[in-house]
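Two complexes follow with chain A in common, the first pairing it with chain B and the second with chain C.
Up next, the complex of A and B:
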């Protein structure tokens, strides 16, 4: 009797192991690599009432052989095609008319939205993203003035997959230049659901006339055209309403306190205003406070920045604290100017992306709920901003006196 | 049935209350104050837990069915016992359905739901057949894994700098009223007063004196964890937490450490599976024990019968929207009665009708149970 139970036990365990190993491969939820085509970048366009979705597909064979030869000849690493439809997901499902494989979106790195589509309205894009489990909300989103498809067709020299390269480019820009923010889908949605319902998205542009859409063109030592990060597009209520230039966007980043590392140049000598000293800011903090002034509002921004000197053409003696203090003041004035320009641009466009509305909401919650609707249109243009910038120049770099000063001391000009 | 140790009881209470709670964003009507709503719900639930513990202390060797028999008499006890068995089976069915919906939504979109739900009901049935030692030991093992995983996820999310405390401010933006409205009765009934199931298990405790201590500590730990989880989710997702179907999953999907640690959804889904499994098995087990004590039928038959009922009824709801609508609507009202109303009434009756078997200081220990 016991022997029979033991055998029964053994057979059941073996069967169970067998069943589990079948189930471990995912059964009906399996995804075979040769049944999917990996999308590394997608583009959204709007034309004649239809959405046009473009996909940049990665060709695994072209990438895997790249490491061997090192040459840029052979097949292009990516392939681009488009589908159109009345809705975004409808257009995507039409890809089965042309593709032998299912589109696989989880590796999608960037989305490029054309200006026309952004002006039409992006709420259906955000809804499609939230609702579908295979679209990641960490995708970087970009705008472009012309056609999204052309941006996807453009190869990037030195990089294999253009989609991933552009994603790294904006991360690089946010960490080292901090002029444009790195907007992921999730961050964009959060800001559009925030108090001011406004956000800024960086734009890409193809500079030059001859786009690099084949590997023959990338074989040269220079590129006839490049993909560049240009302006900041302002989105309000899901629609594009305006643009900010680089400098204005930079000022906005200062007010928002999102500068990670950046360089600021300013003139250090009133007699030679064209000579600029350069400071690298490696740490900054911005505190925004909203103050009610009568019927209007004032934003008080306190910026504290720390940096090191990178370039210095003037002749003050940097071993003296006064000269360093003077430099710090000049840097602070330049930063204040940048911030004011950014704020003015934001006021003109009537789009609050500097966190002013957020500050009011945190400090005066009741009043904010009363003025929410009128904020961007009427109250923001009347508001003022007051800046209080404090720059600490931690080090003057590897040398003290400037080269010019050493030349004049050596008996030269 | 084997005896359950105090540590095992503690672990079970913690895991049971945590259960599948990260699956939902509790108190989402209160928006950024949802963690305060959860705090209020937990505080209210603590009082109800005190009621349960008081019931247990009245007669430590009595389970739910005996307590009913002693307080309301034999035939009403059958009626209420059946009611509780049906209620526990219903709660188990809800968790089975949640399991199926979660799997369909996140991991296996193409697998048929009947297979998924069938597998988990089979696993629960096997656990129930092996008795409470198997169940409590399994939970003890899973506790370490679950705790470690939640801790790891929390660390990773914090390391990425995803939480932003500005999302939690301004505190009480629209006043305390929406917070209270969100807390009672919704959060009060799920998950904080579901501990009524423990009235069935406490009679098997090895150390009946320690039940009170373990119950309070377990409840407090579970409540603190849920509140922190809630605050974390809101601080990461902000306004998106109210629309997301699986907010904790959404949070973990945003994790991207060192450019290669991504897509940790599987960890989260496994954590939710574990929590759902523990809850549904606890309710299934409770229902099986109640049936056995009411009708003295062989345990295997009772367990199988309940299992079939749970599996069959998990198809009754048409789609996920109906499932959630019933869950946050009718089911909450019914739960209030079964989890709070009836136990409070039982406690009042028990104070009158059952002479306690233990006195605090000396005194005679006369057992004068008056069966009505």
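Up next, the complex of A and C:
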């Protein structure tokens, strides 16, 4: 009898659990794939006191080769629309006025912020990102001088989803050219909460007049317009305060030591300054040290780089160690010049993104806490930078003498 | 006694007597009568005038006045033996009729079969008759001599149907228990090979034999097994599964706790590991117990191939088992609850496939799984002539057309097919059946609660499995109670020169199998 009752008790408990779990399905977050619309890129704009949020939605049937009834090749792979509101999340909630599906943000790849919105201030954007579970902080963030919506509407040839393509573009740039940093949301927020409360965000620009916003226009062999990475926007206290050009940003990357792989060209012969030799740097390290000089500060940067020779038009004999050493010195000079230009631009803009403040904080912590507030405005413009660059040329490529030299040897001019 | 409420509904019902069972031995035993005609008539009546009950009366010139009869049941005897070993010697026997110990002389000196005996009771005589022995009656004597002439048409030793190997012995057990024991004896030729047989089943009187190795198997487990077999009281035993269900530990679990095989080499290897074999007359499948979870993933061929490929295949089997249990549930859970876990190109591809599908993912998965189970069941019963038709129907009509009609998505078809195929990788069908059942439960849980539901189900399963016991041996040994020595052989196949220990969990008695010695070649 006892055994029967226990057994009956077990069965009843299991059934009860089952019934309860069915009852709980409402709050379990179950959504089918055809109830969500995947957002691959979003844009933030600010106009007349309102936030305008734009979304780039992916149309899966148009992209995947397996769409039901065949993928319609005439259809664009994405669809863009915008909503506006007093707050960012408020604007997003208004999307249900015009969308048949719920917006799905976790697959969002990039977020494009227009210049106006950046000048207004981005703190509410960062707070919304941190607080919400479905927006990931690994998205890449970009600025743009045009409206964010136009950037989202622009298709990119060769790639299916423009949002993912732009994210891959900045990764590609960081790995191969290293002129602009790859700023993800969390990295931006970390730097803005760092010692100098300043950060730099790369900007996108549509070059050309006729933007590629339909698949008809992408059917040609050339593109009438393209999305390009251009400048570096400087953000301080959540607001945009200035711009660095591409070259200046490059110099800043050298000082920061964030060059993964890069190409440096410099003139190798003073008699022909227009002819440039090219070195590909594949490994570099930069050490920053802050030195107090009287009342001011000096940043001492030690850069060690290793590279391969890619192009060489001059006539020195590269089998001799002295010519190689001379070449290395010329490369080092060029890098030092780049770094100095970058530093000067940063000084002008009064935004320390080179890690100077961080170096001071590490070495002179007590003094740093005293001068934190005045650093960007007052002390940075009076600081100096000293560079010590050391380039090692590991390989000269697959030939030693330049072609010109071989020609002159062979009895030519 | 009045039972109230729940007890009434779930309480123990009064047991009704079931059917008309033959009287147990222990009712009044009937002796044979001295008159030969009476005996023969009694036997014929008890057999219901069966037309295959043959009586051969013998009158010998050498012994006039002596009336003898040989009775047997045609079909279960070897008729040549009767002619040669029973009737002929009797007919050429000359002995004075008044001789004392006539029966004994008949039994020991005349009948030339290997086994002979004598019987004085009707019940015993009937049983022997039905076992294939023949009875020799002499008028005037209360006892009959029996000669073991059992035989008849049997299936010869052939290749195994289910567990075939590429390299290794190619014969399997047959339905005759003596042949089977003989096959095992030919592999294990020591005196430690012990065997005990029982007769189970009131109407079938099936011989069930328990075999074990004397110094290796745990005597307590042997005793427990024999005790459980002795307690079986049933109408008839047709297959070893009847025994398995009776003697398994009473746990409501889909997991099998005893293995079965039709290969003698697998059975012999199990005996050497300390396991106990149960052979049932009438079935080529023998039972092996106690068995842990990891035993079910070992195949005979693992030991006949090199250890590196066997290890890889064994790991593959574990992986395939996990896939066959978890893959559909994971697919449902991730595509309906956790889309953020997928990389974007995959998500877009899946989303494109699901556009226009009328069913939610859970319903789709259940439909496809049930369809596959139907196909599988149909394939078992289908005559070989229309075999290709089923594969065409299954593949083209149900798979391809359903996808093109927009009823299911291609990804789901892939998931279901791969799951089904991985299900076949498990060597033991009983374990594969368990995974089929568990898969459905996990799919429902995944559809309700996503990965949380799957984890809850898996946790429940793990707790259940670690609590299972197979004849006292924990089901998840050597991992649940830890026996580190046998870990290598459970997960991968240890090379034979390294396998020093038997599976300690199963036999605690004699763990050392051999002196471990790594092969060394002579230098120089």
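Throughout what follows, the second predicted complex is superposed on the first by the 378 of 413 C-alpha atoms of A that agree within 3 Å, B and C clash if a C-alpha of one lies under 4 Å from a C-alpha of the other, contacts with A are read in each partner's own complex, and residues count from 1 in each chain.
Convention: contacts are C-beta pairs under 8 Å (C-beta built on N, C-alpha and C of every residue); 3 or more make two chains touch, one makes a residue touch a chain.
Fair warning: this is a prediction, and the values are worked out from it, not measured in the lab.
Visitor: In this superposition, which partner touches a larger number of chain A residues, chain B or chain C?
Guide: Partner with more touched residues of chain A: C.
Visitor: Counting only touches as set out at the top, which of chain B and chain C does A:61 meet: first, second, both, neither?
Guide: Once the two structures are laid over each other on A, A:61 reaches chain C alone.
Visitor: Pick one for A:224: touches chain B only (first), chain C only (second), both, or neither.
Guide: Touch partners of A:224: none, neither chain B nor chain C.
Visitor: A:214 in the overlay: touching chain B, chain C, both, or neither? Say first, second, both or neither.
Guide: neither
Visitor: Which holds for A:33: it touches chain B only (first), chain C only (second), both, or neither?
Guide: Touch partner of A:33: chain C, not chain B.
Visitor: A:193 contacts which: chain B (first), chain C (second), both, neither?
Guide: first
Visitor: Kindly classify A:365 by the partners it touches after superposition: chain B alone (first), chain C alone (second), both, or neither?
Guide: First partner only.
Visitor: Is A:106 touching the first partner chain B, the second partner chain C, both, or neither of them?
Guide: Both partners, chain B and chain C.
Visitor: Could you tell me which stretches of chain A are touched by chain B in one complex and by chain C in the other?
Guide: Common to the two interfaces on chain A: residues 28-29, 106, 136.
Visitor: Given the complex with chain A, which residues does chain C contribute to the contact?
Guide: 6-7, 10-12, 335-337, 339-340, 344, 347-357, 360-361, 406, 410, 447-450, 453
Visitor: Provide the residue numbers of chain B that touch chain A in the complex, in ascending order.
Guide: 105-112, 166, 169-170, 173-174, 237-240, 243-244, 250, 253-254, 256, 262-263
Visitor: Inside the complex, what are the residues of chain A that reach chain C?
Guide: The contact residues of chain A facing chain C are 1, 4-5, 7-8, 21-22, 24-25, 28-34, 36, 38, 40, 58, 60-61, 63-64, 66-68, 71, 104, 106-107, 109, 134, 136, 161, 164.
Visitor: Once bound in the complex, which stretches of chain A touch chain B?
Guide: Checking each residue of chain A against chain B gives 26-29, 106, 130, 133, 136-138, 186, 189-190, 193-194, 358, 361-363, 365, 369.
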